[in-house]
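Before we start, here is the structure in question, set down as structure tokens.
Chain IDs A, B, C and D follow the sequence of writing; residue 1 opens each chain.
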Amino acid sequence: MRDNQSLQRLFEACEPRRQELFRRLNLASDGTYELVKMREDLLALLREQPELAAIDDDFAHLFGSWFNRGFLMLKRIDWNTPASILEKIIRYEAVHEIQDWDDLRRRLDARDRRCFAFFHPAIGDEPLIFVEVALHKGLPSRIQPILSGESSGESRHTKKAVDESEDADTAAFFGISNCQTGLRGISFGNFLIKQVVQELSQELPQLKYFVTLSPVPGFAQWLQEQREDEQLPPSLRKALKGLETAEWHQDKALEEPLKTAIRPLAARYLIEEKNRHGLPLNPVARFHLGNGAELHRINWLGDISAKGFKQAAGLMVNYLYVLDDIERNHENYTAKGAVACSSDVRDLARRARKLAKGETTK
Amino acid sequence: MRDNQSLQRLFEACEPRRQELFRRLNLASDGTYELVKMREDLLALLREQPELAAIDDDFAHLFGSWFNRGFLMLKRIDWNTPASILEKIIRYEAVHEIQDWDDLRRRLDARDRRCFAFFHPAIGDEPLIFVEVALHKGLPSRIQPILSGESSGESRHTKKAVDESEDADTAAFFGISNCQTGLRGISFGNFLIKQVVQELSQELPQLKYFVTLSPVPGFAQWLQEQREDEQLPPSLRKALKGLETAEWHQDKALEEPLKTAIRPLAARYLIEEKNRHGLPLNPVARFHLGNGAELHRINWLGDISAKGFKQAAGLMVNYLYVLDDIERNHENYTAKGAVACSSDVRDLARRARKLAKGETTK
Amino acid sequence: MRDNQSLQRLFEACEPRRQELFRRLNLASDGTYELVKMREDLLALLREQPELAAIDDDFAHLFGSWFNRGFLMLKRIDWNTPASILEKIIRYEAVHEIQDWDDLRRRLDARDRRCFAFFHPAIGDEPLIFVEVALHKGLPSRIQPILSGESSGESRHTKKAVDESEDADTAAFFGISNCQTGLRGISFGNFLIKQVVQELSQELPQLKYFVTLSPVPGFAQWLQEQREDEQLPPSLRKALKGLETAEWHQDKALEEPLKTAIRPLAARYLIEEKNRHGLPLNPVARFHLGNGAELHRINWLGDISAKGFKQAAGLMVNYLYVLDDIERNHENYTAKGAVACSSDVRDLARRARKLAKGETTK
Amino acid sequence: MRDNQSLQRLFEACEPRRQELFRRLNLASDGTYELVKMREDLLALLREQPELAAIDDDFAHLFGSWFNRGFLMLKRIDWNTPASILEKIIRYEAVHEIQDWDDLRRRLDARDRRCFAFFHPAIGDEPLIFVEVALHKGLPSRIQPILSGESSGESRHTKKAVDESEDADTAAFFGISNCQTGLRGISFGNFLIKQVVQELSQELPQLKYFVTLSPVPGFAQWLQEQREDEQLPPSLRKALKGLETAEWHQDKALEEPLKTAIRPLAARYLIEEKNRHGLPLNPVARFHLGNGAELHRINWLGDISAKGFKQAAGLMVNYLYVLDDIERNHENYTAKGAVACSSDVRDLARRARKLAKGETTK
């Protein structure tokens, strides 16, 4: 008991006074939001004044407690949402930019779309994070039809929009955006996805698949580094040469070899390239694999926007959330760094190894 | 900067693991309320198992952060409030018991009554603390007319209830009840009173006085100790002898000398009797003086219920909240232990000193 | 076209000016409710001043339009409903009196209870009509266990309350109360029952039966008239003699012959005794049969309260709402006065005919 | 009494069956809105099929009862209003078109703007009528600064927006739009203005003037007719010749004589030109004068948009609502057709009479 008391006194002695200061600032009206904006300012200063990091630690510690998932509220965002919130959705969308109100309406106000956000009761109308969902027949492989509002899966040409949400067997998460820079590092996305899966399962019991259609930021740069590597087998180097031609995806003769070469390389990049903590180099992979998802499919020409080519040679990835596997995947990932992936992706990675040795794959 | 980092590492090292455990329990649905109930159980065990105090420290630390005033919501409680909340008001009222639904209605559902409670967004319908207010013409001195719904100040015999809230110049706080044992020590009352003063000022700009009608728990016991003190001057001893007669307040011959003796003693008790921290012995005085209120008036026969006599020889006290003085009073109190009081009460205390010397006062 | 215009002018000419007056009164704040109370006063005067009937016709005409089902809102009433509404439920319950708040809570705040009311947007918190529902395993035959909160069907002794709403296969409507005397004759009950059936089907898809447990007002009086009829066969007269003994239902020797005689008579009363419009004499039967329900079962000793004996010799009736039959039943009833009833009840009626001829039935 | 009954029977006999049909259609879900749309279709047919007028009479009669002011709900429209309602505001604005969401925001989401709409509880999110208000220091004379969001009265150059609503002494109603063609002829505007005046008085007690800034549709056409009149004095004809020059308002030499001639003519047009019912020819004047407002000021170059010139030679009018005069103005207007107007406007009308005689005015 003596030890307990000493420890408690030590804890009290070394808890930075700043935390108490922040708690007192929080007493003021709108204090919570002001503190979040204060940290946003602080983060902007950190690069030049690294000595401020201790202050940031205190913010992070308090925010981790205050923005605990138990305090967050999930709200559906749709065309009945107040305009003051919707304009923030337009502003904060970080994955696939929303052009204007018409574009927003196309994304939200259809029978086959859903959008959910986390709010904190002390920060009123400011969303913390939101996710956009398209209901789909089958797993979607391309983002453009989703953004343009054309697509709800294979059946779209023959069915009316009204029926689409009933036909859908898949909920595709195609955009997750954090809204508050000042809450960087406070983790919401994991909880958001899981709660949205629950909400959708209840509303639409016919849904079978919960899957993302995710970007692969950093892949194009990694690919470029491979090409600059002198060890690269000539066969592979030759195949990748097509990348130098503008609009290569319009030219079948260039596209085919590129597809044969790049998809395996992407599987290798996502599974095998690790950062200094032994976790996947790719941040999106880190997020979804850490949540317990499976790396399910690599979609060739999944994003044919300028940004899509520049970032990932046009690739997009499906991460699949299988409720029964999430726990095990998460455990394996955090304990052993093991990456859950489908047999298709595993095959691709195997092929990548052969390519690396100069062997030609089918 | 090195020091900062070391300190941060030390803080992280000695922050009890339990706090992180509690934060994770809070992820679960209804987790916050379960943790509050958990601490309630813990507090019940503490007396017999003092070694659990360290756990309680962790609860207190986290709850202090989670139940920061910035996260609380003030709600008015009235007859339009859901029955599920009202039944909790009946259950939690700790100062002047509410008998049943009719009694509750009498206290809430009149033009001259108000009730406000703090809620926490993660604990839904459970009030944390609430305050009952009677609008009054002049400062009220007796609790019974308020509880029976008879009184709205001197004008009540000639006016209809409808006019009463408009005539009122005083908001009398006659009951503040904490609802959650598991939140013991987390301070809400201060903020509640101040915010209710604001709300009422806005709704009823004609209000001039914000005052309590408060009990004096412990005074009867202290008085008894005085009587057992051999140093007590005979004149005073004689006057206090009346207390031994049942129903003494019905007998003018007994009541008068008691009044002359007891009111000064009460002033002395409230102002001069201190605990080991140098603060007033009386907990209610400690609360309101600490909030910056003034000890304004000692009301003879303010509470003629059995409990009132047993607890405080029938006395009640008005603490006055003067917005312009709150800050200064609070500062003087916390810095120097100075008790803000009206000249009337100060006179009483002076008389008490004379009585103690055996002098007779007028 | 000329005719149309003439007719329109005639209509305008003979529409009572009062209707326009009422529409203008309705412009005032709370006007709608005041008009409803005005008609309540009027109805009280009508008996003595029948010449006021024309005013009542105007009220009825306007209210029929204003309180059209399209304007009503269904709300669930439960323990989270504001106290100001709940106290009205206590006051307006007309079938089985609610004693106090504890009684109310017993009726509302259990997993196996539901209550729904219609409100009108211009009359705020005043319910127009409400229905109380008990979820039950099997069709209930007796009201006392429902009122005391004991019963949820046969399984109640072994199951916990938590499971009861899941086990239930029957929703029993055991009280429908009109709240506003001023809306007499404006029909809501029909719509209320049908919408509540829809709501409950959606919430609890396992429900199979929607049934009432209804009183039989007027039956005891009718029975008395039978006994005073000199034509009554001696055998029947003898059997009914038991009614003269107080507490006859406690005496097996009296009860058995009464049961044998009275149930058939009740079937005959409900099916064959008609008013001057050729519709059932019994008003409750008229209501439910007119809604398309089936006269399903006559429950011996269904209501053993003093009121139950006095009104209906202890009988209660189940009317069954079978969604697929409602339309046809309603048509047959309104077109031909045909009473839909179960084969059991039909058998009872047949037996009544034999009894009337002095034949003894099994 | 006999007469009463006969009359009632006659009324019942000649009330068109259609009204009962419409009441029954209203039982269906969304029935009310469908009926409103049905009448919208009917109105479109009426011109070609005038024999349908009788049906329209029935709609008008029922809607007059159903959309009685007692059933309407006033709601504030602002940037926190659901987008689904705001897009209807954009669509329905009939006076000064709203270009897009940015324009809408400019009109709604400033401290010095208000917008209110009437809704009917059975028609959910569909506004029936709405009014746009600008808070202003002094009476506004020109619409363009209001539409562009520049203006809040004379003080705007030196004050920040934040202070503007506090400085304002005038609420200017600059747009009233009916939303539902199917409710044509059912009068809401009158009640809307009066209730909004009440709301604003309560929110902003410093407001002294409630005034419109209204268009003068039909004035340009009337002016043209004057010019074609051979009786027109040469002096006046000459002054008006300036209208033939494009962009005349940019040319001081043209503008001055036009101003001198046209403002008096407008006063005459508004006050003296009557329709066959003896009421002002101008429909906007009819509306506001019928509501009890005063014709307060004629604003030269009040609307310099193309539409403003085409419709009213650029004029706009202030109608002033003085609460104490509304009743009297309304009475005088309906009883005697008397037009309440300010002495300035009266002077202008006098001058018009001189002009008509060929006299030159100052």
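Note that in this section a residue touches a chain if its C-beta (ideal position, glycine included) is under 8 Å from a C-beta of that chain, and two chains touch if they have at least 3 such contacts.
Only a predicted model underlies this, so the values are computations on that prediction, with no experimental measurement involved.
Chemist: Which chain's C-alpha centroid is most distant from that of chain C?
Modeler: Of all chains, A has its centre farthest from that of chain C.
Chemist: Averaged over CA atoms, how far is the centre of chain C from the centre of chain D? Could you give it in whole Å?
Modeler: Their C-alpha centroids are separated by 52 Å.
Chemist: Averaged over CA atoms, how far is the centre of chain A from the centre of chain C? Could you give it in whole Å?
Modeler: Once rounded, the distance between the two centres reads 58 Å.
Chemist: Considering chain C alone, which of its residues make contact with at least two other chains?
Modeler: Not one residue in chain C touches at least two other chains.
Chemist: By the touch definition up top, name every chain pair that qualifies.
Modeler: Chains touch in the following pairs: A-B, A-D, B-C, C-D.
Chemist: Over in the complex, which chain B residues touch chain C? Could you list them?
Modeler: Result: residues 79-84, 86, 100-101, 105, 125 of chain B touch chain C.
Chemist: What does chain D use to touch chain C in their complex?
Modeler: Spelled out, the residues of chain D in touch with chain C are 1, 4-5, 7-8, 10-11, 14-16, 23, 26-28, 31-32, 50-51, 53-54, 57, 62, 64-66, 68-71, 73, 121-122, 191.
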